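See below for the structure under consideration.
Each chain gets a letter, A, B, C and D, in the order it is written, and its residues are counted from 1.
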Amino acid sequence: MASDNAAGAHPDIVQALVRANADHALAYGQDVYTEQARQLFNDLFGRQVRTEFVYGGTGANVLALACMLKPADSVVCTEMAHIAVDEAGAPERILGAKLQTRPSPDAKLTPQDILDVVHLRGNIHHAQPAVVSITQATELGTLYSAGEVREICAVAHQHGLLVHMDGARLANAAAALGASPQALRSFTVDAGVDVLSFGGTKAGLVFGEAVVFFNTGLGDRVENIRKQITQLHSKMRFISAQYIELLRTDLFFKLGGQANAMALALYEKTRHHESLGLHAPPAVNSLFPTIQPRAAQALQDWAFFWDWDAPNHKYRWMTAWDVKSQDIDTFAEAVSQALKI
Amino acid sequence: MASDNAAGAHPDIVQALVRANADHALAYGQDVYTEQARQLFNDLFGRQVRTEFVYGGTGANVLALACMLKPADSVVCTEMAHIAVDEAGAPERILGAKLQTRPSPDAKLTPQDILDVVHLRGNIHHAQPAVVSITQATELGTLYSAGEVREICAVAHQHGLLVHMDGARLANAAAALGASPQALRSFTVDAGVDVLSFGGTKAGLVFGEAVVFFNTGLGDRVENIRKQITQLHSKMRFISAQYIELLRTDLFFKLGGQANAMALALYEKTRHHESLGLHAPPAVNSLFPTIQPRAAQALQDWAFFWDWDAPNHKYRWMTAWDVKSQDIDTFAEAVSQALKI
Amino acid sequence: MASDNAAGAHPDIVQALVRANADHALAYGQDVYTEQARQLFNDLFGRQVRTEFVYGGTGANVLALACMLKPADSVVCTEMAHIAVDEAGAPERILGAKLQTRPSPDAKLTPQDILDVVHLRGNIHHAQPAVVSITQATELGTLYSAGEVREICAVAHQHGLLVHMDGARLANAAAALGASPQALRSFTVDAGVDVLSFGGTKAGLVFGEAVVFFNTGLGDRVENIRKQITQLHSKMRFISAQYIELLRTDLFFKLGGQANAMALALYEKTRHHESLGLHAPPAVNSLFPTIQPRAAQALQDWAFFWDWDAPNHKYRWMTAWDVKSQDIDTFAEAVSQALKI
Amino acid sequence: MASDNAAGAHPDIVQALVRANADHALAYGQDVYTEQARQLFNDLFGRQVRTEFVYGGTGANVLALACMLKPADSVVCTEMAHIAVDEAGAPERILGAKLQTRPSPDAKLTPQDILDVVHLRGNIHHAQPAVVSITQATELGTLYSAGEVREICAVAHQHGLLVHMDGARLANAAAALGASPQALRSFTVDAGVDVLSFGGTKAGLVFGEAVVFFNTGLGDRVENIRKQITQLHSKMRFISAQYIELLRTDLFFKLGGQANAMALALYEKTRHHESLGLHAPPAVNSLFPTIQPRAAQALQDWAFFWDWDAPNHKYRWMTAWDVKSQDIDTFAEAVSQALKI
């Protein structure tokens, strides 16, 4: 339950990677795998998009934002955003840009958050809000509905801001919101998102993420910038081939759904422990129980998971695509044991 | 009432600058004026400090922080801090560092704010809190007592963080807290501050700020970094000579005190307008009245001052060192007229 | 002979600064002095230009380039360029951009230098040459003719590059090339330069430089970026007032010419020392004599000047606007004495 | 012959990656694979080193340098260095540091190059040379002998500079210089190198590079900085497992040697074409023939390879670990055909 990064890669994806090793291929994305993977992204979103592959999730976010920002711009996001909290200051160092963070109890940004900062635009003393970045599914395991994303994009665009979506857990969101290309489009491109970090690693890949430009003009310099921020893989076919496998069937939606289902199962099997404070089923693949120190320690020693809000004894249980019902039963039993300590 | 930056320079300081023009002097600080100014800083603080001059306030803050930060570090400050709000993202661009902002109704950081973020240290996914930056007097015209600064420094140092003080309005703070070198030392070097941005421009200079290293080892690379961040003045004697004039008498404390006294006078003459919501005398040189739009507009048209919190009709009246009682009377009368609209 | 930065400021300019101190003025350039100074720049160049003031020369260059560069771009300049050698890495730190330096015996860039790097454009592995930066007068005291600048601009523009001119010593160049607005225009705006760093400090100011956008669209974000790179002076009238004095008469050309004339006089009075290797009169205000160590040391002890190429015993004598014939006589006599050692 | 990046991955390495997918593993390097891989690096170098894994080669170089540089420092390297030419300005953007490039006909830095720049140290106007970066094997396919590296390190250390080695093609260098751990140590750790970018991708991996700190103290912040520069792979076992396979046998030396041998075979089979100008056998795995345009075009159309020095009709033929004698025969035959055009 430590992280969706603790899972390995799906066997089909690994096999696709192995198959891609058959022959020489031109480096840096001039290969047939990359061409085919890009076409699958076009198909998935039902239009011509610009898709570029990178190594990792922080790299995807930084690359997307680097293509969207001008000097003295800032990024509006919640104070829980991965870019603001969990990337060790990568955006500030590599983008040289301020993150204008907004308080948010549920890790979701609201249109009002945008309205609250647009007055900074035009004032030379302030960094200029220029990009809104939202995370789907959020860092707290909540979801934006398609309507909510649409409203955020509308307000942002109305005031001249662009919208980036950090989709490190896009598979979980897509599975929860309809598990179809149509559903995925409804809260991304159809809602007005300009650039999307399309998560691969947490969705079952060995490595590799994609940055999808719906607003294709923003990608004019993306290849130069990708190299400049250290995210160009020379043997790119090995990323592309994994994405082909993920997208040519319904694997993307299936793996996201499996992780979600296991989180729900864990919720069902542990919600009766009132002390955990699990009052609502998870929207995607994480639970945030409250556990007293001794019990938490015992449980973590047995199977590691992360602290979330240490002072308040909050922890995070996160299910990956490879968790099985049996795992949930075993873990729930361990929880029951630990809570007796 | 627009800003302490709308004032000119004190005539004595201008004359000191004129006198410094008498002859050739070695450039880049190798001159007798700079030597003498540095000695006056040593005298002011009662010990050997390292003092370097820069052009402006944002430059002073960025230089100080650049000397204190290592890669992947962050700066802890309030969400109202000048470095976080009013420097157009200079710290993020030039330092490449995250500002870890904390909510604060009175623009003052507390020891608890530090304790709330120290758990980020040691976690490789988070920027590492390494410097605490406090503003004295604050952006809201409040003050830290010597004891409060002492406590902040103690907690910071205990957890391995350094302390920077942004003293753009240090003269106002010093005047309010005792108006003597001893008083100034009590809330700076004696309290444990490591590096101080020592404001000059708002205190009556034509241009020029000082960065004072109490923790002198932090200044080992300051001259290289000053040049690298565009803050090295070739004809440095012109800054040094102004500081000599500011510090060789009690002008520094006097000008800060004059600005403070005028803000108090304005408070006394306008507090009876209940709609302004001025419930307590100013600690230094600013008032934050609430004014309804039509009255505010009329008053701003007559004599410009800044919005502070536009949605809530809050404005900022700020007195400079050169404001006189007569100016206050005239302005207070204008306020009375405007409120009748 | 140390530097044109060792001179003070011209008395007329200092008096203009003193006069500007008469009253309150809006901060940050919203004042009548700044408006008037901008108009004088329009007049000087015979068209509507965009002029912004900054503190110093490195700041001017960095601001100009920051307005001209996109991510992953590079700047083409000679390996002797001030931005490449004498700014302590400011461009790399603040711009995050590569300087593509070219060897040049006379510190002048050629059209061929541009042609030699344009093939890098379009290749994602290389930083993209996007701006050509030339220095006028150069770091070696040489000059570009109007025709040479025109040719550089033509080649640059033809290949999609912009042209920046570092005019820290523009006054010396302008004086040498005609000493009139027409002459100045001929090798700047009329030649196709896009953005000009218009030197003030070396031309007799206390402090302050100007950035002039002939390609005015490049200045759209200049005010935000100026603040972000720490170069916005709050009491801007003090810079503007000095520029007004410099430009409202022919002072700019006169001071540049005086420095040039004194370098020529020094050349005439020392050229007979064959060991100095002074074979041609200076184009502007510097000489680069060869002096053996003992003589150089004796002379430097008496009146400091800088090493230029230490391994080859080359030194730099530089005359400022305030050097007088008597100074030259004295210095030339000292040279004769020293060479007898 | 396009690039050693056009090869796939060695089958044994791919299988090691597949095996590592067997189970959950803690993320971010807290796994047994990473522990074992680190131990293999200790064994390889015969001492306790600090080894950290990253995604790619540019990332490895930037991470290494980020751990070695202080503000206002510069990196000394040849003008052909990969960091200077082929990383799209990544060092400048992410490090904010100047690369002090030196001309070099054979892409090798000399001790004299270091001596020529050390005089910049201590001068606040210049970026401070602090790290020497050399590439082994070089971008021109040349090699430093162990003695040459030793001398460079000695001179660098004597003047207070550190030494970084970019070993993207370390396998080729190691194979050419002895093909044993002892030989590898002789020109790296035993010679005094402080930090090594240990190439994996060109040596037969799917992805992944290592940064090896011989000067282990320099690695104190490496984990934070790795995350900050976007180079932390969450599922790190997949990189570690590949390195285990590369190092637990002699695969590393064998693959490097195979590529070298094929370049030599190609040399032997094409040197008789005088127009190619191949006058000496390759030290490692690349040849730089001169080919007239029409022949080059025909050959590139048939099997892509890169231009090297377009104006002079120089090209680069590069052999990868997977090239076989049959491939060389076919290619050499094609060369003969093309030259007849």
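Operating definition for what follows: a contact is a pair of C-beta atoms (placed from the backbone, for glycine too) under 8 Å apart; a residue touches a chain by one contact, two chains touch by 3 or more.
Since this is a predicted model, take the numbers as computed values, not measurements.
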item: Comparison of B-D and C-D by number of C-beta pairs in contact, larger one; value: C-D
item: Identity of the chain that, by mean CA position, is farthest from subunit D; value: B
item: Separation of subunit B from subunit C, taking each centre as the mean of its C-alpha atoms, in whole Å; value: 33
item: Inter-chain centre distance, subunit C versus subunit D - centres from mean C-alpha coordinates, in Å; value: 41
item: Computed distance of Cα centres, subunit D from subunit B, in Å; value: 49
item: Touching two or more other chains - residue numbers and ranges from subunit A; value: 28, 71-72, 87-89, 93-94, 96, 124-125, 127, 224, 227-228, 232
item: Subunit C to subunit B touching residues, read off their complex; value: 2-3, 5-9, 11, 14, 17-18, 20-28, 55-59, 62, 87-90, 93-94, 201, 206-207, 224-225, 227-235, 238, 304, 320, 322
item: Touching residues on subunit B, where the partner in the complex is subunit A; value: 71-74, 85-89, 92-99, 101, 103, 116, 119, 124-127, 310-311
item: Touching residues (chain side subunit B, partner subunit D) in the complex; value: 28, 66, 70-72, 96, 124-125, 127-128, 221, 223-228, 232
